[in-house]
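After this come two complexes, each holding chain A, first together with chain B and then together with chain C.
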Partner chain A sequence: MPVINTPNGFTLDDTGQRQVVDPVTRIEGHMRAEVNISPDNIITNAVSTGTMWRGLEVILKGRDPRDAWAFTQRICGVCTGTHALTSVRAVEDALNIEIPENANSIRNIMQLSLQVHDHLVHFYHLHALDWVNPVNALKADPKATSALQQQVSPRHPKSSPGYFRDIQNRLKKFVESGQLGPFKNGYWTNPAYRLPPEADLMATTHYLEALDFQKIIMTTRTIFGGKDTHPNWLVGGVPCAINMDGELAAGAPINMERLNYVKTVLDQSLDFINNVYIPDIIAIGGFYKDWLYGGGISGKSVLAYGDIPDRANDYSASNLLMPQGAIINGDLTKVHEIDHRDPEQIQEFVPHSWYKYPDESKGLHPWDGVTEPNFALGPNTKGTKTNIEQIDEAAKYSWIKAPRWRGHAMEVGPLARYVVGYASGHKEFTEQINMVLKALDVPVEALFSTLGRTAARALEAQWAAEKQIYFFKKLIANIKAGDSSTANTEKFDPSTWPAETKGVGFTEAPRGALAHWIRIKDTKIDNYQCVVPTTWNGSPRDSKGNIGAFEASMMNTKVERPEEPVEILRNIHSFDPCLACSTHVMSEDGKLLAKVKVR
Partner chain B sequence: METDPKVLVLGIGNLLWADEGFGVRAVEDFHRHYEVPANVKVMDGGTQGIYLVQHVREADILIVFDAVDYSLPPGTMKCVEDRDVPKFLGVKKISLHQTGFQEVLAMADMLGDYPKHILLIGVQPVELDDFGGSLRDEVKKQIAPAIDVALGYLKKFNITVTKRTAPLSETDTIACKVMRLQAYENNRPTVDDACRTGDARVIGDESWIGPKDYDQEIDQILSQDHEDRR
Partner chain C sequence: MQETFYDVMRRQGITRRSFLKYCSLTAAALGLGPAFAPKIAHAMENKPRIPVLWLHGLECTCCSESFIRSAHPLAKDVILSMISLDYDDTIMAAAGQQAEAIVEEIVHKHKGNYILACEGNPPLNQDGMSCIIGGKPYLEQLQFAAKDAKAIISWGSCASWGCVQAARPNPTQAVPIHKAPGIPGNVPIIKVPGCPPIAEVMTAVVTYILTFDRLPSLDRQGRPKMFYSQRIHDKCYRRPHFDAGQFVEAFDDEGARKGYCLYKVGCKGPTTYNACSTVRWNGGLSFPIQAGHPCFGCSEDGFWDKGSFYDRLTDVHGFGVESNADEIGMAAAGVVGAAAAVHAGASIVKRMAQKGDKE
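Presenting the complex of A and B:
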């Protein structure tokens, strides 16, 4: 391949050493990355491959639209509630169903609760170990760790030297038992890890605290969703009834006692984020603030669908508390409007995806989307069909389609939402951004980086924790004003539906913009297409050669040790794609140099 | 006097990928046929990963139903206990949640709450690569014997579950009412309605005539020497 200049501003050069990182996603499919590295250790070409096929139409066609949420909830282990919410919104849109205010408040609380929970788990349990070294934590002085903790977060009660000594001993025992568990196979001697032992011990301790704390967070969704692990959803509202004076019993309507409990959970969540998560981001960020790689297209093209409608049933940008809009070509002075129905805006392309379109130079809007698998490898593929050593990115190379907004590759997720918010003058987002820039003493450009993506997620967790309380108060006020309605069943009976209709539902999932497009015919699902956040971020090239957000984030990143791709993992993990990784490191001729399994 | 040990009977896996749904279907069936005392919790864990840590931590005795790749003939049931369990959940990844659950156990351990006793009741899957499909007969047949193993294990700890006089109806499932087995299987779109290997509107389109044999074409490409292909 000669040197290629992509339309979205990257120079791809595949002459350097090729390295393959084969991460296997834990939840939503499998993913692999290949890069070329120059002699001075800079990534000059990046290829991201989704290695698993799924087509929702094959399971949903002909089924009852009111049931679709349950199926989509099982696609992925983490986004359960978000998929369910997106699905019921799509059906409500198609059938013109309006939901009660209480249902809107409860849905928002559940969605925000998922944001808080997912962001915490992502940072501490899936991403922190790209920055934090738990083995180095064993060298820390507990007293100095205690002093550091009190300095970065004076309000956090768990900060005594004895507390950190106990945690350190527990870690030691764990490491000595040879059972490193989630800590095993890390690159713990890599100079890319920069924290002093005390900061490592503090952050590793919070890894455990966050693990413990999630038991509290999830109770909100259990109460409103009616059951553990997989909450129930309902087209037309929410499935829980409200009776403020009712008895407390299993299956009984929500009463005052349960709501009071929810309030304590919401307050504790906000405290944990304010006293642990945000101070950690600033403390850790301080040691890495000159490591500003990984921005990719975040400063150029970002997309946010928006979410969290203030009033029920109004999904226009002005009513969405999470901002909506698109920014292209790095022009932050112009926030473009989004229309999910416009066939010219959101389109999926497949020239580099293992699908077949009648005309692959064109994209298709999801309502017209087709999913026809076509697995074929390019002529420069190395290896065997079952063990591909090197993919040929000039041909088809991914199971992920390439969604584009008006032809542009877009980044989605917390950073995209914060960039759109910042550009559109969203007051709360802007204040948060200014706070963190000031605390770290970095310019606004620092936002467009892997660290910026990780910081935006923390800010969003804080914002979501505050907004949960806002909707809780709104819910209580509405109930006290005499409205206890939680569902509108007026159009639940299919005989009231038109013979043919179509709809779209959208949300902001923790990891980015999510939408479902549905066509209903004779009361059954005729076509169902989801475009998920990882499809946007992990997309392969399109017909014009634009690279997607994952690929762009790897470009021009300097790696300390090419055989230990901690920087690549940092960049990709910062998108929250829920990946576990197996890494195969190749020399230029494709020979296996080392095989390292990562988490 | 000691309090009753806390027991978690957990089914894990993804209902949408054929035999991957074994664990969830097994706990569904367990719940329909047996009434359990207050110290026993029966749960559909799906593919929830880290979100399950809390439930595992609370358990003194943990029973896990799952589809496991033991490299045994399809449909074979095999049980593994205690510290051997994570080995089988991590060695070969046939499903997306398995490394996840191995980590769930490690995380419970790090928090000092590893269950005292763990029993993994695993069944070798026949078919996983069938999105929207249900359990294959060989695997479905193992649900009843797998439940018997769980009952025997509970008995060892003097935990009594009671057989219901009549099984609960399918809609009383602890898993997903919408995806209860009969509805899930009977309402699956037919091959004619929703082509399982692609989209009929395109396959039937005259503008596309694909290669006769992809596999052969790919084998041919890959059998050439790398240099020849440059």
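Presenting the complex of A and C:
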């Protein structure tokens, strides 16, 4: 391949040493990354491949639309519930169903608690090991660690020297066992790790604290949805009926005791985010603030659908507490409006994806989407069809399609939402951004980086933790005003539905903009299409050669040791990839293609 | 008893000298001083934590997400003190070839002495390439790790039955672990179904194996009897309302607010074997029925293909339960023959269960 200049501003050069990372770990699902590295250790070409697909959309065909939330919820168990919410919104849109205010508040609390949980777990358990070296923590002085903790977060109660000594001893025993479990074969001698031992001990301690705490955040969803992972949802509202002081309230889904439980969890969640997550981001960020790689297309093209309707049933941008809009060509002075129904705006392309279109130079709007698989490797592939040593990115190379907004590759996710919020004057988001820029003493341009993406996620967890409490108060106020209703079942019976209809539902999943498009015919699903955050971020190249957000983020990054993928993981992890989400699609007919050979 | 890591190395003809050298290299690889080498050697000569390879096929990661929500024991304690979770691509630090090397190492060094935990399942279509690990079909990794495992745990409904990707028309030809080609017949498979399984059930299965040094007793379908021998309905707190003929007729109606039985809005509790109504979820906090939604049977084989979640059981299987349930209601309303009706209800459930077993 000669040197290629992409329309979205990147120079691809594959002459350097090729490195393959497969599997990329600490993500949801399966993906592969390949890069070329120049003699001076700079990534000059990046290829991201989605390496799984499951076929949920074809499985949905012919099903009861009221069940679709449960199927689509199983697209992903990490962002559990966000597909379900998107699905019930799509069905309600198609059937013109309005939900009660209480249902809107409860759904918002469930969606916001997912943001809090998902972001926290992502940072500590999927991303932190790219920045934090738990083995180096063994060299820390517990007293100095205690002093550091009290300095960065005076309100966090777990900060004594004895506490850190205990954790360090436990860690020491673990390492000395020689059985390193999840830390085995990590890159612990790589100079890319920069924290002093005390910061490593503090952050490793919080890795464990967060692992203990995260399960509490989601218990609000156990109250409202009966279980977590995968709580229950309902077309027309929520399934949890309210009975505050009537007969048999003790056995009702929602009563005073249940609401008190929720309130306690919401308060604890906000405390944990404020006292642990945010201070850690600032403390760790301080040691890496000149590592500003990974911006990719975040400074050029970002997209947010918006979410968290303040009042029920109004999904217009002005009623959404999370901002909506698109920014293109790096022009922050213009926030473009989004219309999910406009066939010219959101389109999916497949020239580099393992699918077939009648005309692959054109994109298709999801309502008219076609998904016919075509697993074929290019002529320059190294290896065989079932043992790929090197991908040929000039041909088809991923199970992910390439969605584009008016032809542009877009980044979605927390950073995209904060950039759209910043550009559109969203007061709360802007204040948070200014706080973190000031604390780290960096200019606004620093946002457009892997670190910026990671910081935006933490800010959003904080914002979501506060908004949960807002909706809890709103729920109480509405019940107090005499409205206990949680579901509108007027159109629950399929005999009340029109013969044919279509709808769209959207949310902001933790990873970014998510929408489902549904067509209903004779009370059954006729066509169902999902365009999900990792499809946007992890997309392969399109017919014009634009690279997607993952690939762009790896470009021009300096690596310390080409054989150890620390920097590649850093950049990719900052998006919180979800591959099961992005590659759920399957052929219309679901025909059997080829069977694996039995050994 | 379990062999230690050192025993295994000696058995494979590795000298003590090489063993100590290995320990020094391990210490160096971690960036630790030479003082750590004897400590690592000491630990390896003593009882090791049992290695676990946690593989992910086609799945949604809801099983892992459930597992980390375990309240007792805490997931942290399972991972740090009870097992050695050497491979789990969702949380492991290493990636790419450094990650793949671990599977190879554990299978060779701990032959017959590691647990293979499977989340998700392998697809057979597309030459298995709709789930790729290290450039190859996931099925190959699964087969390699399965052949020398002490036991296999099939986490969740994907690994146990197939679950959502295997729902009609199963476009990728995804198959549960026990039906995957090349899985040895002599390695015991423990199915822990559910979408996902209850967190505390998952950690209890693991801790039972470690504490009692044996596998749990399994029912005919391969599920631990301790958690899967009863239907949700048998111990449901709303069961008295079923017996009394008090049903939710529509969501958010008077019955829904009083916590009446959800059978008429589609509850599959009477045919679902799981511990939801006893152990409950997330530290015993609640379960779907308590939160007002009917059970849709997520731990049962093929539950996605048994009709709408909101259809009454009778509409699915034609058991004739509906008329009997209505009789129960009428009888209860008339305050006559209630006891007989309850008895009738119980027999119906029993018949349904027997039928369920045969499926």
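Basically, the second predicted complex is superposed on the first by the 564 of 599 C-alpha atoms of A that agree within 3 Å, B and C clash if a C-alpha of one lies under 4 Å from a C-alpha of the other, contacts with A are read in each partner's own complex, and residues count from 1 in each chain.
Following the convention adopted for this analysis, a contact is a pair of C-beta atoms (placed from the backbone, for glycine too) under 8 Å apart; a residue touches a chain by one contact, two chains touch by 3 or more.
Please read these numbers as outputs of a predicted model, since none were measured by experiment.
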item	value
Clash or fit (per the criteria above) of chain B with chain C on chain A	clash
Which of chain B and chain C A:Phe375 touches, first, second, both or neither	both
Touched partner set for A:Thr189, first chain B, second chain C, both or neither	second
Which partner, chain B or chain C, touches more chain A residues	C
Chain B versus chain C as contact partner of A:Arg74, first or second or both or neither	both
Which of chain B and chain C A:Leu440 touches, first, second, both or neither	neither
Partner chain(s) touched by A:Asp212 [first = chain B, second = chain C, both, neither]	both
Contacts of A:Ile42 with chain B and chain C, given as first, second, both or neither	neither
Which of chain B and chain C A:Leu129 touches, first, second, both or neither	second
Contacts of A:Gly225 with chain B and chain C, given as first, second, both or neither	second
Touching partner for A:Gly383 - first (chain B), second (chain C), both, neither	both
Residue range of chain C overlapping chain B upon superposition on chain A, of 20-28, 182-190, 254-262 or 326-334	182-190
Common interface positions of chain A, toward chain B and toward chain C	24-30, 53-55, 58-59, 63-64, 67, 70-71, 74-78, 80, 121, 125, 170, 174, 179, 181-182, 208, 211-212, 214-215, 218, 227-230, 373, 375, 383, 385, 580, 590
Chain A contact footprint on chain C (complex, rising order)	5, 23, 26, 29-32, 36, 39-44, 48-49, 51, 56, 58-66, 68-71, 74-76, 79-80, 83-86, 88-102, 122-139, 143, 163-165, 167-174, 181-182, 195-196, 198-199, 237-238, 250-253, 256-259, 276, 281-283, 285-293, 296, 298, 304, 308-310
In the complex, chain A residues that touch chain B	24-30, 53-55, 57-64, 67, 69-71, 73-78, 80, 117, 121, 125, 170-171, 174, 179, 181-182, 208, 211-212, 214-215, 218, 227-230, 356-359, 370-377, 379-385, 580, 590
Interface residues, chain B side, partner chain A - complex	14-16, 43-55, 57, 93, 96-97, 99-100, 103, 106-107, 109-112, 131-132, 174-179, 187-190, 193-199, 201-203, 205, 207-208, 210-211, 214-215, 217-219, 221-222, 226, 229-230
Residues of chain A defined as touching chain C within the complex	20-30, 32, 51-56, 58-59, 63-64, 66-67, 70-71, 74-78, 80, 121, 125-126, 129, 135-136, 138, 170, 174-189, 208, 211-212, 214-215, 218-219, 222-232, 234, 236-237, 239-243, 246-248, 251-253, 261, 373, 375, 383, 385-389, 399, 484-487, 489, 492, 564-565, 569, 580, 586-587, 590, 592-599
